[in-house]
Every structure is written in structure tokens, then in C-alpha cells.
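See below for the structure under consideration.
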């Protein structure tokens, strides 16, 4: 009996700890072998699969990224359940652990519906999956963003500037909310809450008037209320293609023009998703990995491991992938007390 | 109207973020003034109290320790509720926020029973308080311990040694459990679970036989099953007083003697409780601080703020202080799969 | 007798340690008082000056930025030596310590030529000052850049991408050279050395062929040999002004197009100049500060403190400000062995 | 033609970067193969040697410790030059790179005198080697010590305690000096400088009187002037052997008793020598590695690579190993201005 394991979608600190947890528990408790599927669904479709013995997962929980590689290949555009069933049977693979975000888990759910024996492990930097309190990767991303804002703030204060820091979060503002609270931001801007340029400038001016260098944390998916032509190109890139500046880059000159405060922007980008995982993420990911192999052994196909309070539970992939977990208004209001 | 605030017991990363959150929310939403009580209950008994305006909490959430100072003074040995009532009345203090661990919260509960208008904020590095999923300080302690073990491991591997790392946890093993999982320890020893020297040596030998340098993480309160004369002095200190070596220091030579593996120990000690709080702890502490001032405004005397899942709730101090939150056997079992 | 002290130009980790070192040594050894000049030359010209007693420098060596503030005001456009002499006399300021980079030190030299009693302290993130082996700030910048590249690399490897990381260095490539060596880059591109797009792509392909995710570190001032229209605008910014993309942003699509390797870029920007200074920078800055106050006491006007080997020496500001310290070809060749 | 490489003595951050630098330069420039000798001189004497191709050094410069392993085996007690010559000839090893501290380099010198073709690379956490300005490992040790003191200080301040921090340095005080300056210690105690308990207590009281929590940094080899019975046992260890407490542990109660300030001690121990090397150490170690292989190719037997200012040079092993580099009195005096 052997179990396949794959990581799919954007990489995330903690993926390796999931893999290690699953492989060691499989080896020691259930006497099952693991097969490592390379680059997500691509490796499964193309039968790019290698044995994954225990010695190959030695020490990897401290490493960022994924030793299996990842890709954004969609299995349903490349043979779907039928092709996957063929490869799994040819390999003697009696179960599959798919680690990924909303897209990956939706694919896993659909494959489970079509009879593929699959269990999901949720992965998202953005913390946007409902049905789990948190996922690994989010804590590391918040930590990196917070440390970066701590650094950027000292320059802003020395030069009496306003600093706009753009963090990840295309659809939800969890990283901005947590990093903004942790770093003591004077404004936190997230896709879920309408805020106008005038309000942002008001907070910046209040902070300035109290002698502070205003720090504005903005999620990449935020749009100022009333902003027109959001998606209009901001110029051309090196190949003459329309280029869309990030929201941080667009906000900074508007704040400077309206308030007279010299304003700079910084975009943290991929820094938030790479590198050594935080202790929190390593623990959660290890627990997810060991729970996932148990779910496979118990043939709980179509479920996903999940953190509820301090417990690891199994939830149905259907319920887990239908609702985006956005920041509730009251969580933002709670933080907004500290703005300005 | 003014609110007093104090920090009591051992210091903890995040105390300043609680203070800042409470003061800013009090200032901006409730228009109340804060009085800073110096060094825990001592300052309240001795009327060592200073105004705490908003500008004094500027930027402090990034700083470890407590700007108010702390002590282990027991209010009931120094005048009790009557003296506290006198000082509070003289100062016009209509409510009190007491931030502390099990001892502090038990005193707060007893004072509330005697009519003192007090609200608690739980603080424990050790994560040993029931009625809250986590408290601030724990995440920072686990992070520091994990980073330290990561460092110590490289030396152990280069020299083919076993490394015993003693972390905090006199009565409960949460720090050892989490840091041990995060750092990939080959054995985790906690006060809650009986383990013999033979088992420990077995795990060390298994790790060695797989080519690893065994890493043993031990909570300071762990006692090997069957160990005699635990509390027997191990020599005399500089003043000729009996000196009790730590458990890490005592285990190392026993492992070396039994297994033949050269073994060293390291005791992390106060490193785990000082310094810049993690982003996780800053967020939780800020939320606790703003929720505590709300509780005071609503006169929810005798309650404590608490984290349940992802929500901040108020719980009764009676229920919060009667049960020590120990590591359940199943959580240790879950980790023990990875040992050896 | 009192000494004025100012920080001018871009901020830099270690400025506060210089200030603290100078003030404490002045207080304890020479019994002189310090005056803090706000925002560089601006504060001196405008007489924006405050007493700087020892208690105000308590604990600041661990903080990034500068407690005095900084600006890019040019003293010669605002009254020059005459105005400065007036303010210094009115304040009873018998000596001046000017901490800054090439521009500040050139101004200080010219002021010294005109009779102003001034001593310089070199400050540059970029390490571009001749007459000193290193200055504070550079080590922190290299450390931050190295940690960032370590993080970015894991994502590149998981996705089999090439990552182009743009670091500071408009005229010299020291940060790129050191961070690139430390992080194991597959190419290091600096303003001092001609490299063509073809060579860069060759290194990326070599790395890819060995199974690596190519990492290219580029100083912001690098120009590929033969690149035309370097300064041509790459589009319009939020206000319709021509927008010049950074070199990292411009290189990435060229590498992707030529090699077929998916390529992303990251620009570290201000992250490199803020935050807690490294231990190395705190030591060097403290030594510079204490040496600078000695130079003032000895009336060594027109000199600058400098690190030669492991010693602090005084050098003439004339010799210190005339030659830009570029990366010698042999230092780049030494590193280039590791490329590809 | 092949070159052997070994690491000997205590491990040190940067060893792997030396190995990687040497192997890659050997592979790409000189077309020589490397043989990895396991556990220092032991592996050479016992012929425990493996091929070390380029792919085996991939990415290792970021890892602490040494992939080759290390030991404290003395070659002259195990066959000496004759045995080494036999093994080298049998393996076709035409040159040897020995990376180690004073003991290793002295052995290398003696072997070179007896005709063994060996080049040395200096390695010392303690910075105690003359003939080189710095070696790799020292910067990482100072960084870790400084961060640790920063952490410990917050607890000391919250509790109004004195904190004694013991750092490495049995014979020289470089780590204590640099970490003490960087962390703003109120006293720095090193083996090279006589200081009495009375002076130490005086500094602690001065700091306390200014409202600070006194921080005392002490090198493990420091002895208070006039202390009697330094080497007297302080009790018995777990096996009934005499136990010698560290200097930090011995100083703390003496300071507490004499000053009345509650005092704690912390011993950083192995934390200072493990883990991810600093960027500074990675650069220096890489440069040492590439220079060492050049020295082998040029048959510069009996020399050692060395940092002089910013240059890498070759020095004679005789001159390099005869003088211990101690902290000069003037460097300590320079720092002592900041005490108290």
C-alpha cells in the first residue's frame, strides 16, 4: 500500500513540515510507503513520481518552500479524474494527500466526487479558507510583514515621512490586519472595508500632528472607495505591455499630494511567502501532516484537516471550499480604534 | 473617571501591548484616563501610582517587558482589599485592570469577591491557564526556544553529540511540546507524562543509529519515572547553600553513561521571556487590552478576557483560576510518533 | 563649552549609537555638554537645537534611524558658513560633529576650510567612502539583503523560477557583492563591471541546467552593457509623470524571454536601511562616536574618524571625500568564480 | 590530482562556506577534485574519506556546523606525519586544506615542517588568532550574544534586577567586549583586565542609581582580582564529581549580597557557536575557501589564509600560531568609558 502526496499552487512556509509529518507517521505507525508527486497535479497527470522514504524528509520542517516542487496545473484541463485514476492504479497508489489552497482543494473535492481517494490539507498564506481557524504559512507571513514594517518605520521617522506598506491579500485583508495591529499602523486598508482617500489622509495627518511618522498598511486587493479607473494601466512594461502599478505605489503620491507629507511606498511581495517557517507554522503543519495520513488510513475521502480552536478535526471539502473567509467588519473596527 | 492598570508576576512579551491597547481605547472611545500602578500590587498598596497618558504608550507594543515594572508582592499580605479600596478611592480610581498569571488572577478574583472593581488579563509564558486557548508570551517563548534548538542542533551534528535542551515549564510542558515539535526533537519530556531514563536513552540510540545527533527537549519540571532523590542537593552554591542542578544538567550525564553518546545540556532560562514579542503575541495582547477596557466600562467585575478560537470573550475569574491547563496525553502521543 | 551634533542625508542603522557614544564620553570624560541639532544642516541654519543630556541617549544604540531627525538640506544654499558661525556663537557651540555621507562630509570639509570647527563621522549604507575600510550601516544592509534573498530563494526553488533581487547601490556594488556572495547568488551585477544580457542569461541557464533556481542579485545602478534607452520612461505614474522601472523589474522579463525560465523580480528598497542595527554596526558606530568627541576636544577640525583594519584613526576630510570607493575588478572576479 | 579538506576542533558558523568556496573554485578554475575527510584528523588517520563533488556542497554556506564532521583528535598521538603521508599517497591526495583553530593550525604547521603539503584556514569563535584581523564565526557569536543580551535586559528592567551574562572566551575577551559594547553593558569583564568585585558592584550601583537595570557581560575565563579558591569545586554533579560553577553563576550572588540588587545570571554557552552564519561570516569564509585552494595550487605549504584590512593574504603558519591575540588594554579602556 502506498500513499501519494503533492503540493500545489503558490508555495508557503510549512509545506515541508506537512510532508515530513505525514511520511514519518505513515512509516512508523501505519507501515505505508509514500510516493512524492512532483510539481502538484502536473506530476500526477504526467506520472512524474518518486519514492519518498523517511530519510528524504529528514530535517526538512525547518526549510521553506516544498521539496516536491509545485505548479498551478489544473488537473481538469489535463485528463481529469480518469487520467489520475490510471496513474494511481499503475503506481499502486491507494490514497492521495493534496496540499493546497482554494483552487487545489476545489479540484480535490471534485476528484473525490468522481471517486478519487483523496484527502486535503489546507494551505494559504492569506488565511482565506473558511472551515479552519488558521492555516500554516499565515503566521510566518504576518511575522515577516511585521518585522519589515518595524524596519521601514525607523526610516520614516528619521525623515518625517509617511510610509505606505503593501502586503499580500488580493481578496481578504487578514495579513494586513494582523501585521498592521502588530506593527502599530496608523491605518489598515483591506479589500473588505470601504475607506476613502480622504479618510486615509485624515489618519495620516492625525498621526503627523501627534509627532509620528504615519504608517499605512494596505492589502494588495484594497481599492479606495470612489477610485475610478482602478484597472486602467499605469504605463507600459519592458515589453510594451500595459503595466498596473500596485495599490501601495498608487496611494503614496495621492497621500503626499493631499497632505503635504513626503510619502514613500514599499511592496513586500514574495518576501512574505518564503524562508524558514515560524515555530507556530511548523507545529500546525506537522499536526496537519500526521492527521492527514490518519484520514487516509481511515479512508475519509473528500475531507480536509482543519484547526478548530486548538484541535485538529476533519471537515468536508464541500463546506470548506465554498465560502471565502473574509475579515469581519467588527475585527476591522476593533483595530480601527488605534488608527490615526 | 480613571482606571488603574498593573502588571504582576514574572514579565512576559506582550505586556506593553496590553497596556497600549487599553490606554488608547480608553482615551479615544471612552474618554477615560489611566493611572499606571508601579510594580504590580506593591504600587497599589503603597500608592506608587503615576498618570499614564496616551503619549507614554507610544510605540511600546514592540518592546518586551513592562513599562510599569512588576513584582511578586501578594496584596493579601499587605493590607488586602481594605487598603486597596482606600488607595483607589483616594486616587478616584473607579476600576482596575490586573494583568498577571495564576497567582495574580486568583488575588484579583478574591478582591472582586470582596467588592474591588477589577478585571483580569491572563498572562503566562507557560500557557497553563484554562479558560483561554492561548495567552500572549507563549508564542514568543516557543519561537525563541525553537530558534535556539535550531542553533544548538548544528553543533550537536558536527560533533556527533546528543544535546539536551531545558526549556521553561515547571508544572506543564506546553513550551517543550511546541518547541520540540517545531524543532524536530527526538524526545520531548514534560511533567505530565511518565517517561523513564531507559526510554529516553532508547530514543537517543534510535536517532543515533539513523545517523542523527539526538535532540532531547525537556521541560524544567519533568522528573524521570523512578528517579530517586530528585530534590536532593547536587552540591553547594557560592554561599554554601545546597544547589539543585536543573533537569537538563542532570539528564545529560545519565544519557551519556547509558548510551555512550557524548551528551551536552543547555538551559535556555530567561531568554524565553524577554525581548521583542512575536507578531502573534502583539496582536493577541492588543486585543486583550482593548477588550479589558471595554469590560471595565461595562463594570464586568470579576471577569477575565480570554481567547476562544479566534474570538475574545469574557470569562468568570472563578472558573479561570481553578484548573491548571496541562498537556493532554493525546497531544503528547501525537508528538511522540516523531520521536527517536 | 558645548558641542553640537547633527545627522544629515539618508538615515542609516548605527546613527543613534554614534550619538550615544559621543554624548556619554563627552559627559563622563570631558565634561562637555551636547546640543542636538534637528534634521541635519536644516536645524543648524534655522537654529532648531535642543539640549542633549545623557539621559536622552539611554538605550538608543539598539534603535534604527536617528533620534535627531535628518534632512537633505544643503547648508551652502541656506546661508553657508556665515549663518552657521552666527548660530554656533549664539549657542556657545565650540565644536560640531557632522555625521553623514559623501555630500555631508564634502559640506563639512568646505565649512572647515572656511573656519567652522567641525569634525566628520562617515555614514553610508553603500560603503562608497574611501579613507575608511567600512562604515556602520553597511553590515546591517548586507545582513537584511542576505536574509531576504534566503527567503526569496525558497519560493524560486519551489516554482522552478529565476529570481532577480535588486539591492541598494546607485554608484557602487558593495551591497550586491557581499549579499550576493553570502546568499550564494548565481550572478552579481554591479555598476562597476560590464556584463551583457547574454552573459546573465548564460549564468541563469547554467544554474537551471544543474537543477537550481537561478538567483540574480543586481545593484540598482547596474546597466547591462549595450542596453539602449536605459533612461527611457517605462510608462506613466499615478500623476501621468513618466515612470522609470527599476533595473530588477526591467531585467526579469528579458531573462524570461531569452531563457524560457519563468522569472520574477523583487526590490528590497528601504528595508535595507531601517531597523535594529547589527552588532557589528553598533560596535563600529559606538567607537566612531567616542573617537569623534575626542577629535573635537583636540580641535582636529577638518578631520573625519575612520576604520583602518581594526583601528579607529583620524583622516583629513579632503582625502576622504574626493574618491568614490568602487568595487575593484578583482573582488568581482573573485566572486564570479561562483556564478552560474 | 585531488585535494583533501578537513574541519577540526570545535564547530563554528562558516565552516561550510569555506568548504563550498574551495570545492567550487577547485572544480571550475583548477579542475581539481576534492576529497572530504570525516571528523578532522581522525578521518585522515583512519582513512575515513569520501569524494566531495560540487553537487554535495550545494547551498551549504547558509548552514551552521560542518558537513564533514569534526573531532578533537590529535594527529601526533595517532601516527603523525608518517601515517598521514601514507593515507594521502594511497588516496592520491596531493594537497591538504586544514580548517581549525590554534591547536589544528599548530598541528598543521608541524606537519608542514615534516613535509606534509598542507595549507591552513583559521577558525575561531573567540577571535584569538594573531596574524588575521578577524576570522569567520566571531561575528555570528557576537550577534547571537548581543541579541540574547537585548532579550535578557527587558526582563531585568521589568523586575529591577541586575543581570550577569556569561559569554564565550576562556582566554580572551573579544566576544564579551564586542557584545558588551553592542548591547550597552554597564560592565564588561574579560580575562585580560584585572577588575575587583568592588569595582563591578560600583558599576552596578551607578547604573541602578540612574534608574537602569545593570547588565554585566563576563567572559567565561574572567577571574575577579583577589578571588581565592577560584578552582575550588562548587559542589558535586550528578555522578558525585566535583562541579565547578561558571563565573557568571558565581558572580551573581556576590553582586546581590554586596549591593542588595536582586541579581540573576545566564550562560549563553553553545548557542553562540551554532546555527545560520551571519552574512559577514559567510562572505569571509567563502573568500578564505577560494583563497585556500589557490594556495594549494601554488604549493604554498605551511601558510594560512588571513584577513588584513579588507584583503585576503597568505601568512606563515609559524607566525600565526605563536601569539594569542588578546584584547589590548586600550580597547577595554575605550569601552569602559560607557560603564556604570
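As written, the chain order gives the labels A, B, C and D, with residue 1 at the start of each chain.
Throughout what follows, contacts are C-beta pairs under 8 Å (C-beta built on N, C-alpha and C of every residue); 3 or more make two chains touch, one makes a residue touch a chain.
Because the structure is a prediction, the values reported are computed rather than measured.
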Work out which chains are contact partners of both chain A and chain C. none
Measuring centre to centre, with centres taken as mean CA positions, what chain is farthest from chain C? B
Between chain C and chain D, centroid-to-centroid distance (C-alpha), Å: 30
Cα centre of chain B to Cα centre of chain D, whole Å, reads 34
Distance from the CA centroid of chain B to that of chain C, rounded to the nearest Å? 41
Touching two or more other chains - residues of chain D: 147, 150
Could you list, by residue number, the parts of chain B that touch chain A in their complex? 20-21, 24-25, 28-29, 55, 58-59, 61-62, 133-134, 139, 142-143, 145-147, 150, 178-179, 181-184, 210, 212, 278-280, 282-283, 286-287, 290, 308-310, 334, 337-338
Hey, which residues of chain B end up touching chain D in the complex? 7, 10-11, 13, 15, 39, 63-66, 69-71, 144, 147-148, 150-155, 157-160, 163, 233-239, 243, 245, 249-250, 253-254, 257, 264, 266-267, 269-271, 273-276
